[in-house]
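Going in written order, the chains are labelled A, B, C and D, and every chain counts its residues from 1.
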Amino acid sequence: MSRLLSLAEAVESVVHDGDSVALEGFTHLIPHAAGHEIIRQGRKRLTLIRMTPDLIYDQMIGMGCAEKAVFSWGGNPGVGSLHRFRDAVENGWPHPLKIEEHSHAAMANAYEAGAAGLPLAVLRGYIGAGLPAVNPNIKSIVCPFTGEKLAAVPSIRPDVGVIHAQKADRAGNVLIEGIVGVQKEVVLASKRSIVTVEEVVEEFGPRSPNATILPAWTVGALAVVPGGAYPSYTFGYYKRDNAFYKTWDTIAKDRDSFVAWMKANVLDVGPEVFAAQARKMLQAAE
Amino acid sequence: MADYKPNEMMTVAAARALRNEDVCFVGIGMPSAAANLARLTHAPDIVLIYESGTLGTKPTVLPLSIGDPELCETALTTVSVPEMFRYWLQGGRITVGFLGGAQIDKHANLNTTVVGPYDKPKVRLPGGGGAPEIATSCGEIFIIMAQGKRAFVPKLDFVTSLGHGEGGDHRARLGVKTKGPTRLMTDLAVFEPEPGSNEMIVTSLHPGVTREQIVENTGWPVRFAATVAETPPPTKIELEALRDLQARTARAHGAAA
Amino acid sequence: MSRLLSLAEAVESVVHDGDSVALEGFTHLIPHAAGHEIIRQGRKRLTLIRMTPDLIYDQMIGMGCAEKAVFSWGGNPGVGSLHRFRDAVENGWPHPLKIEEHSHAAMANAYEAGAAGLPLAVLRGYIGAGLPAVNPNIKSIVCPFTGEKLAAVPSIRPDVGVIHAQKADRAGNVLIEGIVGVQKEVVLASKRSIVTVEEVVEEFGPRSPNATILPAWTVGALAVVPGGAYPSYTFGYYKRDNAFYKTWDTIAKDRDSFVAWMKANVLDVGPEVFAAQARKMLQAAE
Amino acid sequence: MADYKPNEMMTVAAARALRNEDVCFVGIGMPSAAANLARLTHAPDIVLIYESGTLGTKPTVLPLSIGDPELCETALTTVSVPEMFRYWLQGGRITVGFLGGAQIDKHANLNTTVVGPYDKPKVRLPGGGGAPEIATSCGEIFIIMAQGKRAFVPKLDFVTSLGHGEGGDHRARLGVKTKGPTRLMTDLAVFEPEPGSNEMIVTSLHPGVTREQIVENTGWPVRFAATVAETPPPTKIELEALRDLQARTARAHGAAA
C-alpha cells in the first residue's frame, strides 16, 4: 500500500547506497526532483538503470552517485552529448563508471519481463550488431518450434523504481497519461518504488475505462512534488523546457560550471523549487 | 528556383524518397525534418511513428526530443514503449526506418557507439538506442548523413547497427528478411546499394557537386553507378515548407526559454 | 488500409475454407454477427482458435464449420457446458473435432507473441499440470541466465482474425474500450482481419491519449453491424443478455432444437437482426 | 441465528477466509459470491481481480460471466488479457486465488478437463482456463467445492491444475515457490493441508455435520485433524448480505430476458 511521504522521507527510507535504481520516464515524466533528492542525500555506488540516461543521470553521475550505468541511449536528446556521462566513461571523473549497454528494444522488453515476473526477455534483436560481443548479458535461446535463434536478456528487476506521474487519488492509486513509456513496468518490476506526482485528488472521476493506473497496493512511497518532472514535462500540466536542454550543454561541458550549477540549483535548495519552474513552462505554453 | 543550402538539399532528397503509403519510424533531427516535410508536401497520409510510442503523429513543429508533447498531442494514439518495440517495430509493421550515425562504411553499417576501442573510448557516443532493431525490423532503411572522411570510413570502430554487413547476401545469411539500407542521402549525393554486392554507390549527384568532391569526402574508394543522375534541386514549395517548419520549430523551442 | 464492406462481402473475401480463424472477444465484444455470417456462407474445415469457445463456437461447431478447435476454456460461462462442442468431441457430431488445448495464460501470451512477430511465447506455466503430456505444442526453454525451465508455446498467427469493436472513424481507424481482451493482439497477429463495429463516426473526438486504437493500416475489412456482439455486449452501447446465455443451454442441449434455432435465427436472416436484439438490451439497461 | 443452507455455509466459510488486505483472483460462481461477500462484510478493502482484466472491481451484482459489464464499470481500471496474465498473475501480485473443479484428490489437485480418457472422454468438461497458472502463481489457493464421492476421488482422471501434487514437498521439488491450496471449503467442512504430508484433512465441521457424513461423501480414506473445530454458523449479517447479493443478482440477470 502506498505511503504518502515527503520526498526527503521517501528517498531516505527507500534508496540505499549500493542499490540498483531505475529512474524512468521516456522523455516525458522524468523524475528530476527525485533525482535531485538522491543527490542531496549523497547516495553512493548506485547502479543506475535507465533507457535514456539523459540530463538526470548526467547530474547523478557527475555528482558521484553512480558506480555503474545500464542504458541504451546516453545523450542529450536533440542536442548532443551528455558531458558528465562522457567524462566519467572517458576520463573516470569523478570516478570510473562501469557500463552495461543494450538496445532500446532489449531494455523495453527487459522491463516488460521484469513486470511479468520472468527471469528473461526474448526478442528478435541485435542481429549483426556489435553489442553482444561486449555485453555478456546478451545471450540467446533457440525457438523449440521453428529453430530460430532469438536474443535473450535478463529481465530488469531493480531494487528501486522511481517515476513521476500526473496524480494520485486519496487511496494512493496513481494515474499516468500521455507518453507512458515504461513507467508502469518499472514500478511493477522493482522491489521498492517511489512515485512523485503533481497532485493528490479526492477521486480520479470520469476517465477512460482503460486508463493507465498503478493501484495503491503496487506503489511504495508516494510524494507530492508539483513540477517534479521539470525540465521534462507532465502531459496536461506543463511543457518540456526545450531551451533548458540546450542550455545544459553549456553548463555540463565544464566541470566547474557543472559543480557550481549543482550547488546553486540542487544542493542548496529543495524540491519546492520545481513548482515555480513548471509554472514558467505553463505560462510559456499558454 | 531559390538558393538553398546543402543540408536543405539533403533533407529534401530524403523527404522525396518517402511515399504517401509509408509507415515511417522517425528518429530525431534530420529524419524528423525529412519525414515531416514529406507529410507537409507530397505524402499527406504518411504514418509517422516515434519510438516514444506515438502512432500517426502530425506535429506542427519539429520535436527536439523523441517524446516532445507535440508528438503525443497530435498522435492518433500513444502506446507504451514495450508495446512500441514489440507490436509495432518487431511486429514488422514499419515500412521505412530512418537512421543516421557518426560513422558509416561502404555497406551502410553504422556506428553511433564509440570512437576508439569500446572499453577505452576516445569518444563515447550516445549508443544505439533503437537502431539495432530498427535496422533489421523495418521493411527498408533510409540513411541521412552529412558526408566527410571522418564519418564515411573504411572500417567502423564499432558496428552499432547492421547495414549490408560484409556485403552481398550477408543479411540473408544472418536470417534477416528485410531489405536494409536502400538509400543514403548526404549533403552531396544519393547512394544506393549496387545489386549483388550491396555496396553503396553513388546514383545521383546533387546540383553542382563534382565526382571529385565525393571522392574527397568519402573514406573508402567510392564507386559510381553506370549512369549517375543529377538530383533535381529543391522546388520552391519544398523549400518554403521546410523553412516554415524550421522557423516554427525555432520559435517554439526558443520561446520556452 | 481498412476497406469498408458489407459483412457478407467481408466474409466472402477474407475467410476461406480450411483457414485458421480466430474470432476473439473475452466475454465482451464477441463477434457473433460475423460468426453467423461465416455459418451462412457455409465455410468448412476451419481451425477455430479462441480462448473461450463460448456460444459462438458452439454454433459454428454444431453447424459443421470446424475441423479443429484451439482453445483454453470451452464452456458457457456461469451456465455450464457447450453442448454442441461436447457432442462433437464426445460423439463426433456433426463430425469429429480435433482439439488443441492450452491454458488461458498460454493463449494470452501466444496472441501477444503473435502480435509481436515472435515465433513463440515464453511463460512460467503448466507446472505440474496434465496438458503438456497431451499437447505436443507445449514445450519448454531454459533461461540462459537462471537455468529456470519455462513453458514455451507457439505464437498464434491465424490466417484471419475477427473482432467486434465500438467504432471506426472515416479514415478507418478502430476504437476499442472496456474489457479489451486480446482484441488488438488478434488483429495484429493475423494475416487478414475483419472488424465489425457498432458505428462509423466522422472523428473520434476527445479521448484518452492512450486510447486503444487499431490504426486503419492495420485493419483488413471493416463492416458496420450495429448490435454485432449480441448476446455478448458492447461497452457504452448495450448490455450482455445474460438470460439468453441461460436459454442457450436448453436450445443447444438437443440436436433438433439446435438445428431449428440456427435455421430460424441464423440461416434465414441476415446481420440486420442484431440491431433490434441489441436495442432490447439497451432498453433493459435503462 | 437464522436458518441457512449448506451452500450458504460453504460460501460464508470461504468469505471468512479472505482478509481485508488480500488481492484476490476471483473465478465465476461460488468464488465470486464468496469474494464479494467478504468485500461487503469484514473485508471492505479487499482487491478483487477477474481474469477479464478488471482490477479492483466492486460489482453490486454478481457477474454471470468473467467479463460482465458490471466488472469493468466498477473497476479501478481494466487491462488487456495478456497483461492480466503477465503482469498481474505471473508477476506474483495476487495473494489468494480461488479454484473449484469437477474432481479433487486428497492433495487438492483438481480436474476440470475430462471425465474418462483425454482422447476419448466420457464427459468433456470446459478445461483449465486460468487454473493451471492460478494454481502456481497466487500466494495461496482457496478451493470451494460441494462434497460428494463423484467429486472427491482417490485418483483424478486428469490433473488440470497442481495442488500439492503427490504430497509432501512435491510443489517445492517442481520449483514452485507459492503455498498452493491452504484451505478447502465444502458444504460440510473445512479441510486444510496436514503439515508435512500436505494431505487435505478435516479441520472444521460445519454445524450439525457428522464425521460419518464426511466419510460417506469423500472418495478417499478421509482423515481428521487431532482437534476438529465446529465452524461458527453464518451470522445474521453474513446471511443477509449474501442473500441480498444473490437477490440483486437474480433480478439483474433475469431482467435482461
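General observations
Just so we're on the same page, contacts are C-beta pairs under 8 Å (C-beta built on N, C-alpha and C of every residue); 3 or more make two chains touch, one makes a residue touch a chain.
Every value quoted in this text rests on a predicted model; they were computed, and no experiment measured them.
Identification of common neighbours of chain B and chain C yields A.
If you average the CA atoms of chain C and of chain D, the two centres end up 28 Å from each other.
Centre-to-centre separation of chain B and chain D, using mean CA positions: 57 Å. Computed centre separation for the pair chain A/chain C is 39 angstrom, with centres defined by C-alpha atoms. Contacts with at least two other chains are made by residues 72, 78-79, 86, 90, 137 of chain D. Listed for chain A are residues 112, 117-118, 123-124, 148, 178, 180, 184-185, 209-212, 235, each touching two or more other chains.
Contacting chain pairs in the structure are A-B, A-C, A-D, B-C, C-D.
For chain B in complex with chain A, the residues that touch the partner chain are 28-29, 51-54, 63-69, 71-72, 78-82, 84-86, 89-90, 109, 113, 118-119, 121-133, 135-137, 158-162, 165, 170-171, 174-176, 252-257. By the touch criterion given at the top, residues 117-120, 122-124, 137, 139-146, 148, 150, 152, 154, 177-178, 180, 207-212, 235 of chain A touch chain C in their complex. Chain C meets chain B in the complex at residues 1, 112, 115-118, 173, 184-185, 188, 209-213, 215, 217-218.
Put simply, chain A touches chain B in their complex at residues 26-28, 51-52, 71-75, 77-79, 81-82, 85-86, 89-90, 101, 103-105, 108-109, 111-112, 123-131, 134, 148-149, 178-182, 184-185, 233, 235, 239-247, 281, 284. Interface residues of chain B facing chain C in the complex, by the touch rule stated above, are 21, 23, 47, 55-56, 72-73, 75-79, 86-87, 90-93, 137.
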